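Worksheet: the structure to be examined is printed underneath.
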Amino acid sequence: MSFNSFSEFLAMGGHGLYVWLSYGLGVAVLAANLIVPKLGRNRLLAEQKRRLRREEGVR
Amino acid sequence: MLEVQKLFSERDDRVLFSQLSFTLNAGEIVQIEGQNGSGKTTLLRILSGLSRNYEGAIYWRGEPVAEVREQYCRELLYFGHQAGVKAVLTPEENLRWYAALSPLMDAAGIMEALQQVGLRGFEDVPCHSLSAGQNRRVSLARLYLSRAPLWILDEPFTAIDKRGVAAKERLLLEHARRGGSVLLTTHHELGIQGPVRKINLDQLAGTSV
Amino acid sequence: MAGLFMATCRREFLLSFRRKSDLVNPLIFFLMVATLFPLGVSPESGFLAQLAPGVVWVAALLATLLSMDALFRSDYEDGSLEQLLLSPQPLFVVALAKVIAHWMMTGLALTLMAPLLGVMLFLPAEGMPGLMLSLLLGTPTLSLIGAIGAALTVGLKKGGVLISLLVLPLYIPVLIFGSSAVQATVTGLPLGGYLALLGALLALALALAPLAISAALRISISS
Amino acid sequence: MPRWFYQLASPRWCYQITGKLLPWFAVAALVLLVGGSVWALAFAPADYQQGNSFRIIYLHVPSAILAQSAYMLMAVAGAIGLIWKMKVADMVLKSAAPIGASMAVLALATGAIWGKPTWGSWWVWDARLTSMLILFFLYLGVMALNSAIENESTAAQASAVLALVGLVNIPIIKYSVEWWNTLHQPATFKLTEKPAMPVEMWLPLLVMVIGFYCFFAVSLMQRLRNEIIWRERRTGWVRELLDKQ
Amino acid sequence: MAGLFMATCRREFLLSFRRKSDLVNPLIFFLMVATLFPLGVSPESGFLAQLAPGVVWVAALLATLLSMDALFRSDYEDGSLEQLLLSPQPLFVVALAKVIAHWMMTGLALTLMAPLLGVMLFLPAEGMPGLMLSLLLGTPTLSLIGAIGAALTVGLKKGGVLISLLVLPLYIPVLIFGSSAVQATVTGLPLGGYLALLGALLALALALAPLAISAALRISISS
Amino acid sequence: MLEVQKLFSERDDRVLFSQLSFTLNAGEIVQIEGQNGSGKTTLLRILSGLSRNYEGAIYWRGEPVAEVREQYCRELLYFGHQAGVKAVLTPEENLRWYAALSPLMDAAGIMEALQQVGLRGFEDVPCHSLSAGQNRRVSLARLYLSRAPLWILDEPFTAIDKRGVAAKERLLLEHARRGGSVLLTTHHELGIQGPVRKINLDQLAGTSV
């Protein structure tokens, strides 16, 4: 552990803004990379199911 | 309604027609005939006011067109070689703008008009994914929307299938019945039983009718 | 008439959003210039900072100029322009609507993007307000003048890009006042005078250009 | 060609195998990334010159490395798709692009943020930064081309050609940019040369890099599976799959 | 095959001379940049001289880039491209012929015009040979790479000018070597190395680009 | 000569045709019929090798076209919706380049061909000053120049006047007599007395002939 207290950990020796901004961005980018395909999958499945139902209806 | 007197036009020193005079009355359909390059498009562009490359006089309801320009434009529907269809817009969006352009066209009937030209189900497909004939049909839908009395149509049947042509012919006839008048060119043999008069530019160049 | 104005604006936006290229092109061009300059000229920040006001303004001018040619060309080619000319409504309304829509998608977008270029070219932070204000007042004038050139050349089968020649001399005052305004802010001088001049040019262009554009369109088509 | 290569060519098989692999990679990525971050933020020692801002390296370097690897993968997939007409390769290409681009963004952003405290400026025209920016543009190009072409197979082939052309150019770009920079500008700012980092500094870095690779695999497989369903939506097995869900 | 090559070159020249705009446009753009820079940035000769190598090269690059989009577009729109693809003769021959013709009318013309720009931007006289040689070796590479981008985007209804985005990153090495070569001559350093690099890039592009272009054309049309 | 087996194509999830099989023999004229948007152009583009948006097999003289691509291109003349005429070139210059493109076309006959399509006197006028039909005629002149056995023509009669259409019909017939084969679409009622077979895409989508 290279920090003595939590506030010191947050402050990052004065560079807190930069470090936390970076890590925040990192989390955001990684999360987006998971969420976008997940949402895409949900939408895709719903759409395709709707299509199947429609086509069955036509038949 | 439209009266043409001693119209003369030449292109590149070749006289296309001279002394061309005729009258288009309400309820009449006039077909301009002629070989390729005989000057049909040139004539229609002159009559619609797009081209000023002519000598002679054109009257609309008895007055020189240049003087009643706005009135004339209001009562005119022109359909040219180029259909005026934006490839990236859908048929509906295309027509909506045309409705905004002209006061005698009502936007409410767009869906109905698309139905009439057989594009139901294609309202929201961008026009670049439509076939050649379907693209022309988008523009032809304006005929169903418009209440303009004078129609000037330059080869409206290009790329349209037989059923479509028959429907359009019925439409022209009906327009004439309602008191409108139509001036059109086509290389197609018109199957209209009605008040159709033909003007042949090949024979008539240089004379008056 | 207001209806036609709105409808035309809406159509232009739709077209741009569908085609994307019209929308993104000037911006990409703008960005490109900002990337190429450091690479081609020098990556040194002090040197770049000196260049920045002029480069951004030249880039904005060229981006606008290059996008002008397309303003009426596609309408001409697919026949929409004929229909436009045959409309009973006043032509200048549609012309103005088209120019304003065009400006929103080029000039305004460029203005909003300018700070990014400023950063990339190390423009001092004090210069930013001057940069944005001068672009905001100057780019509409560029669009209006450019549209006259576009209207005059739209019917030409050969020699389409006469437009640059016609329009460029008219652009130069805007460029000079604009870049001077930015330089003034950087050096801390007042920039009110330059902005007033840009504003006056804009007022003049707004009053005269729509009429000139519609006359030019009628002439171009009538051959 | 080995058998697995042909199997890989079958979207169905690919869908199934990725379904099996996905959870493992997900767990690995989670453990490595969370563990690595905690290690990096709380336990790794501060740099004697840069202090704690140095901790940005644990995001910056993995994302930079991944941005480059993803491009490589994309180009290889493109080549396979063009040569053997393998549909799955097309889909890999399309799926890898946005992930790679986002990694490039992350590398650029963390680099820029890091630059502010160390160099006092958000951006300098340094060789590495410039070539990363160009890589980002290359990604944007592939993505834009892919989305601009409506027909899927046309889009895939066109992007494959572009990715390959880009691949040929990457070393040239890298080389030229480095050379340009050293010529114009003496090394005022140089990214710290491959430092003789102490073990407790680079070990978490290694963990993070591996974690990023696992994460990449997860995200890629997710996108790939979506793409497979979309492209194979007319086939019987996707129909069954949809019915089951 | 040689016959087809010559016929295509002849046709391209004819087209350009008839249309004029294609011919004159890049040159006008090039000149415009040279006129706008002193106006927008600073008229001072010492400062401009420092800028000159980079500005001329950036201008040449942009001029080429902007002219690329038209390379296949008009052929696509009027259906000639389909006919080209259906020719039994190897496509890359025609592609190469088109690119070479294009280069002669842009890159070569730019090279010949470059000294004029050099003078306008106060480039020291020693820089001229380096400027012309580097442009002579660099611009064909730009045309070849640009043509790949043009071929990839020719079928697009929307987003035509993706091409800048696709091609620009690939242009950067040429820009860097080219402007460095000019700077080297100005400062009296040897420029052989740069020219060799530009030559190597050209050789690579000549070998690979025609194949990429023809593949890209087939792909673009096949949808 | 040309054999098509179980061709399938769809656009935007709409099946245009499936299980389409037919053979085009030497000396035969086959007309593809169908409404606007039924897939005629799509089919012709697939058969000419321009579009790869299909499933199924196409054989040329018994071999898959993909394998005899060069040979096939040599023996094919394709005429599309777009005429492929450069507006700033003259008819003669346009044709001269086409002659360079295809070994089975000889440049010596260009003047003769222009005469045949009625463009004598217009050889050196830039095509943008020609009328719509004259522009199409420039491209149609290729039919008189080419010795390719297989002609694939997509609405070749668009914008052509009646006399021109009759001449083109005679030409098709003569080509068939000489052992060539023609695959064409047109919304026009063909007046050819001879070996014309029709394939209707409206009815035949989903079946085989």
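For clarity, chains are labelled A, B, C, D, E and F in written order, and residue numbers in each chain start from 1.
Simple rule for what comes next: a residue touches a chain if its C-beta (ideal position, glycine included) is under 8 Å from a C-beta of that chain, and two chains touch if they have at least 3 such contacts.
Note that the coordinates shown come from a computational prediction; the quantities given were computed from them, not determined experimentally.
Peer 1: Figure out the least number of contact steps between chain C and chain D, where 1 means they touch directly.
Peer 2: When the steps are counted carefully, the minimum from chain C to chain D is 1.
Peer 1: B-C or A-D: which has the larger count of contacting C-beta pairs?
Peer 2: A-D
Peer 1: Could you pull out the chain whose C-alpha mean position is farthest off from that of chain F?
Peer 2: Most remote chain from chain F, centroid-wise, comes out as A.
Peer 1: Between chain D and chain F, what is the gap in Å from one C-alpha centre to the other?
Peer 2: 48
Peer 1: How far is the middle of chain A from the middle of chain C, if each middle is the mean of its Cα atoms, in Å?
Peer 2: 39
Peer 1: When the C-alpha atoms of chain B and chain F are each averaged to a single point, how far apart are the two points in Å?
Peer 2: 30
Peer 1: Compute the distance, rounded to whole Å, between the mean C-alpha positions of chain B and chain E.
Peer 2: Chain centres of chain B and chain E, defined by C-alpha means, are spaced 45 Å apart.
Peer 1: Specify, in ascending order, the residues of chain D that touch 2 or more different other chains.
Peer 2: 148, 150-151, 180
Peer 1: Multi-chain contacts only, two chains or more: what residues does chain C have there?
Peer 2: Residue numbers touching two or more other chains: 18-20, 35, 39, 42, 157-158.
Peer 1: Give the residues of chain B that touch two or more other chains, as numbers and ranges in rising order.
Peer 2: In chain B, the residues touching two or more other chains are 81, 87-88, 126, 129.
Peer 1: Which positions of chain D touch chain C when the two form their complex?
Peer 2: My answer: residues 121-126, 130, 133, 148, 180-181, 184-185.
Peer 1: Would you mind writing out the residues of chain C in touch with chain B in their complex?
Peer 2: It comes out as residues 3-4, 7-8, 11, 14-15, 18-19, 74, 77-80, 82-89, 94, 221-223.
Peer 1: In their complex, what parts of chain E are in touch with chain D?
Peer 2: Interface residues on chain E, with respect to chain D: 145, 148, 152-153, 155-156, 158-159, 162, 165-166, 168-170, 172-173, 176-177, 180, 197, 201, 204, 208, 212, 215-216, 219-220, 222-223.
Peer 1: In the complex, go through chain B and note every residue touching chain F.
Peer 2: Spelled out, the residues of chain B in touch with chain F are 11-12, 34-37, 40-41, 81, 118, 122, 125, 129-134, 137, 155, 158-165, 187-189.
Peer 1: Under the touch definition given earlier, write down the residues of chain C that touch chain E in their complex.
Peer 2: 18-21, 24-25, 28-29, 32-33, 35-37, 39-42, 47, 50-51, 53-55, 57-58, 61-62, 65-66, 156-162, 164-165, 168, 172, 175-176, 179
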